[in-house]
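Here it is: the structure, laid out below.
Should a chain be cited, it is by its letter among A, B, C and D, assigned in written order, with residues numbered from 1 in that chain.
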Amino acid sequence: MKKFIRKVAVMTSGGDSPGMNAAIRSVVRSCAYYKLECVGVYRGYQGMIESDIVPMSARDVHHIIQKGGTVLKSARSKEFRTIEGRKKAYESLKEHKVDALVVIGGDGSFTGGMIFSQEFNFPVIGIPGTIDNDIFGTDYTLGYDTALNTAMEVIDKIRDTASSHNRLFFVEVMGRDSGFIALNTGIGAGAEEILIPEENMGLERLLESLEKSRRSGKSSSLVVVAEGDKTGANVFELADYVEKNLPQYDVRVSVLGHMQRGGSPSCFDRVLASRMGVKAIELLLDSQSNKMVGVQNNEMVAVDLENAVKEHHKISKEILRISDIMSV
Amino acid sequence: MKKFIRKVAVMTSGGDSPGMNAAIRSVVRSCAYYKLECVGVYRGYQGMIESDIVPMSARDVHHIIQKGGTVLKSARSKEFRTIEGRKKAYESLKEHKVDALVVIGGDGSFTGGMIFSQEFNFPVIGIPGTIDNDIFGTDYTLGYDTALNTAMEVIDKIRDTASSHNRLFFVEVMGRDSGFIALNTGIGAGAEEILIPEENMGLERLLESLEKSRRSGKSSSLVVVAEGDKTGANVFELADYVEKNLPQYDVRVSVLGHMQRGGSPSCFDRVLASRMGVKAIELLLDSQSNKMVGVQNNEMVAVDLENAVKEHHKISKEILRISDIMSV
Amino acid sequence: MKKFIRKVAVMTSGGDSPGMNAAIRSVVRSCAYYKLECVGVYRGYQGMIESDIVPMSARDVHHIIQKGGTVLKSARSKEFRTIEGRKKAYESLKEHKVDALVVIGGDGSFTGGMIFSQEFNFPVIGIPGTIDNDIFGTDYTLGYDTALNTAMEVIDKIRDTASSHNRLFFVEVMGRDSGFIALNTGIGAGAEEILIPEENMGLERLLESLEKSRRSGKSSSLVVVAEGDKTGANVFELADYVEKNLPQYDVRVSVLGHMQRGGSPSCFDRVLASRMGVKAIELLLDSQSNKMVGVQNNEMVAVDLENAVKEHHKISKEILRISDIMSV
Amino acid sequence: MKKFIRKVAVMTSGGDSPGMNAAIRSVVRSCAYYKLECVGVYRGYQGMIESDIVPMSARDVHHIIQKGGTVLKSARSKEFRTIEGRKKAYESLKEHKVDALVVIGGDGSFTGGMIFSQEFNFPVIGIPGTIDNDIFGTDYTLGYDTALNTAMEVIDKIRDTASSHNRLFFVEVMGRDSGFIALNTGIGAGAEEILIPEENMGLERLLESLEKSRRSGKSSSLVVVAEGDKTGANVFELADYVEKNLPQYDVRVSVLGHMQRGGSPSCFDRVLASRMGVKAIELLLDSQSNKMVGVQNNEMVAVDLENAVKEHHKISKEILRISDIMSV
């Protein structure tokens, strides 16, 4: 797929995450640096279909590195799942003389990009932007570090009030399929238990552990639960079950929800976004396509999109062990 | 009730709020300044009954001004609602040679303190510590300013993701009986609508207003809802109703919950707590009892506890009007 | 000066402060609400002279309430100090059919506005935007509450490292002529001493007090110093003097500087800005001019600009006393 | 040096950094988990000499994971540089029946530990706690990630006011010998230029670059300067030089200073500290000594203390290149 690249389109797709704006800025400035033209596509694949496309210069991305959300907005597109939709999208890009596409998003967005790339022989590079950190091929996804700090700071506040009242709190954090956020914010916030989709602790062991924790003299307790954990039907039923079986506990539930996707990105995410944007453009200049930019062992790498969407980023056994030792 | 005061007990009671530690510190240091002894009572009235009482010196409250929660912990006490319980509590205080009590808490704690004071002819001063700002006789309660900032900063983050997806968010903030938090965080976060217990907007008008807002070109919308609002049965049913009737909106709900009670107090709350603690001790030195310390027009005042618990702090019509004008 | 107002210009002038954008938004939306046209003037009086003026609609101020700085930018203008400059400025406004001006700024900006108003019989309303809180006629200026939190949070961090090393820190905060920021952040951060322009403590008493504090067992100490304090020639010489005279102290200096002017405004400042913008437009609709909007005892008021610039907001004796008691 | 370990001492030494408390907690809890006794040494090597040593149980480190500074305090010790001092220190440890030492600190602290270990055949493990990230053998030091966020958030605030006034700001961040903080906060805050000790840009090229930046339409500029940068004599002289040579710029200086060492640690630092504490104890249980715990490619590793202190952590060329591209 050797093609001479003169004009690049950048877009954000799927759930938003902090650092997406920093990545947009980096793609736009890298284009300027390498004397390529750049356009922004609004509202992901849907905006591509509707030709919602604008030119972007280095000055247009002034002062967006610190902003949460995405200035290009995001959306899901049913139409892009049809060949007709993708054809319209391709025609929009041709109309704007775009030679290559950089997609900032997650699994679903990459799958769409891969199909599009194959159908129209069109260069596509992915940048992993999702707070869940569950994408294979990169140690960190954009927004993950920020979401950890956002969630942990809120759990710190909940700890204040939990301690004042000797209460047991169940705090649900994001992570439908993966426990990265729960595990790391749980360790960071000093949670007594952490429940994640990757491991079913079982209700019995949870009761035992909480009972033991109470007897050891802990006056308050925090259990951090990933959205996708399977121990209870959901966090509210889990809390009810514990309250029934350990009546000495005054139990409360807090669901952190969408706030975890917002906020100004951390330094880590801003620098990572800047690196990923440069790498994406340099891959295109090197005639590569169907790759996702990743970071492995602090180095920028290119991963086949196919692998990135087929496999999952696994939680490290070491970190699981740390959480056990810390709640001794 | 003229009594010579040599030893003062301080405690926190009811729901905790940021600034309680700063108030404890101020009571303890004011005692040191005026050469009074001071003791801390753990876990509110229950700890008083159980004689969970420790001496406190100026150095013991080092580095607590910035802490959320309460180092003296808080609890609700059924036993204190009985005359037997209160008698035990009185005996604990006598045993520790305590001459007067400073209670940091809300309505319920003040009612308890008032009864106690009358039954045992014991000097009691209240300091209003609650995030709800609904206590009569003071322009501000301790923790309210901090809770406003905490909630607003979280709503700012939700706005990031709402804007990226053109979504409508219903955000529930604390306030079972009063709309202070909802109204002020709603204005601060630029909410399109604000629903509070003091005014029933009605479902019809809410739909109309959201519909109008959409037509005026707003791409995302935030509705801030106080816990105690009566427009819907609760925030989830409200959201369902709107989604059914305005299907063009992608609706989401976020309940902020207990995080609003935690966190390091704002400068406003730390200074207010410091002033209130001094005033409480100076009232006792002036042989006053059954008073709540308040701030009115930037001056420290003493309010009869009886009035403080009988009436409610009202929301200003002017601020309600501001919220209408801002969401034009 | 009865004039029918159809079009209002708004601008920011002098040093910027958090909440200026919220005030701009409020002025613009209040105009929309009352069916007035609105324009924004860039770079204060200089931009007015250069006719750097753009129309502003309710949608143009979307998502600026939470931003630090000022989207209209600010500047100082030597030219506006001449009658020729002011004449040009007046002609710019006439050319844009502007009937009235809202100036968000401090003392200097108000003086300019007052002269302009008198020379050209032109309606001018001031909104007090400065972090210093030193303007007469208002209990709070825009940005003050935010600056208190910004400075206090930084001093909290300095306290962490001071405590770890048993050090004495001199922290300089803003306030060339007034000690509001120093006094309130000093109390909020639990400073051992607070030095402000309104009171010359004297070097002798400072040494004594620090010596006493050390003997009382305090392991670290913080002295908060207002820029304009007269105890030493400046904060560095002050620190040198103390280090020479109390060699047992390991002394460090930190000058907080311009960061105090930036950052996202607090809820207090955003609500205050919203109220002030509405009041400014309502004063104009009521045919008033040469007034500053202020807040007194939680009510919006109109103060003669002449008084606002002639007198100064005084620090309360009560708060000074609190600071003494707290550092017992 | 095979020794059976029953009791471990932990201490913090040198400049403090966020995450030290989290590391202390992890060492203490890991001891509890592995049924070892644990003591804390106050004020580093000096406290060791003075036998300022206390037992620490799992409950004693409750609620310190989120605290800045170090609960064990830190100090520099001249006495420990003498053989007599080290002998006293050794006797203190023997008196408390301590079998091994974990030192949380930087270069200097490790050198001391290494000498001590060799002289008395005493097991010593180091944990790298410093915000500078300049220690060889670990990708990250404890406190570095937090310091990046602290400094960047302050620079974000300075950007607000810089933009409002079209000013040029020189912001000095920590880093006497290394540019990690300057380079990463500079990229994260979108600085126009970044000056670090590793590269002498030269005054000529700085002027050129600023001049070019101004012509390209940038309205304000930020230059982030590491403490140890050699371009000017210091940041104030640098600013003076630029102001003289580019008089169209209104130049300001801000020195961030000690605040960068304080504050609640980020999630990254808390998790890293937890991992490092576990690894330190597990190395001791594995009869290892004279090692520093490090993290390389997300794995915990043991590095010879000798190498850790002899070499330096180098800045990556890739990141330097990113900073050039981003300021295009």
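Please note the rule applied: contacts are C-beta pairs under 8 Å (C-beta built on N, C-alpha and C of every residue); 3 or more make two chains touch, one makes a residue touch a chain.
Remember, predicted model here, so these are calculated numbers, not experimental data.
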*Check every other chain and keep only those touching both subunit A and subunit D; list them.*
none
*Of all chains present, which has the mean Cα position farthest from that of subunit A?*
C
_Homomeric contact subunit C-subunit D: same or different residue positions, threshold half_ = same
*Rounded to the nearest whole Å, what is the centre-to-centre distance of subunit C and subunit D, using the mean of the C-alpha atoms as each centre?*
36
*Distance from the mean Cα position of subunit C to that of subunit A, given in whole angstrom*: 39
*Any chance you could list the residues of subunit B touching two or more other chains?*
156, 159, 163
*Which of line, ring, star, complete or other matches the graph of chains that touch?*
ring
*Let me know each pair of chains that touch one another.*
A-B, A-D, B-C, C-D
_Under the definition above, what is the set of subunit B residues touching subunit A in their complex?_
12, 16, 18, 20, 67-70, 73-75, 150, 154, 156-166, 169, 219, 252-255, 257-259, 261-263
*Could you pull out which subunit A residues touch subunit D in their complex?*
25-26, 29-30, 32-33, 58-59, 62-63, 65-66, 139, 145, 148-149, 152-153, 156, 159, 163, 184-185, 187-190, 216-218, 264, 266-268, 270-271, 274-275, 278, 296-300, 316, 318-319, 321-322, 325-326, 328
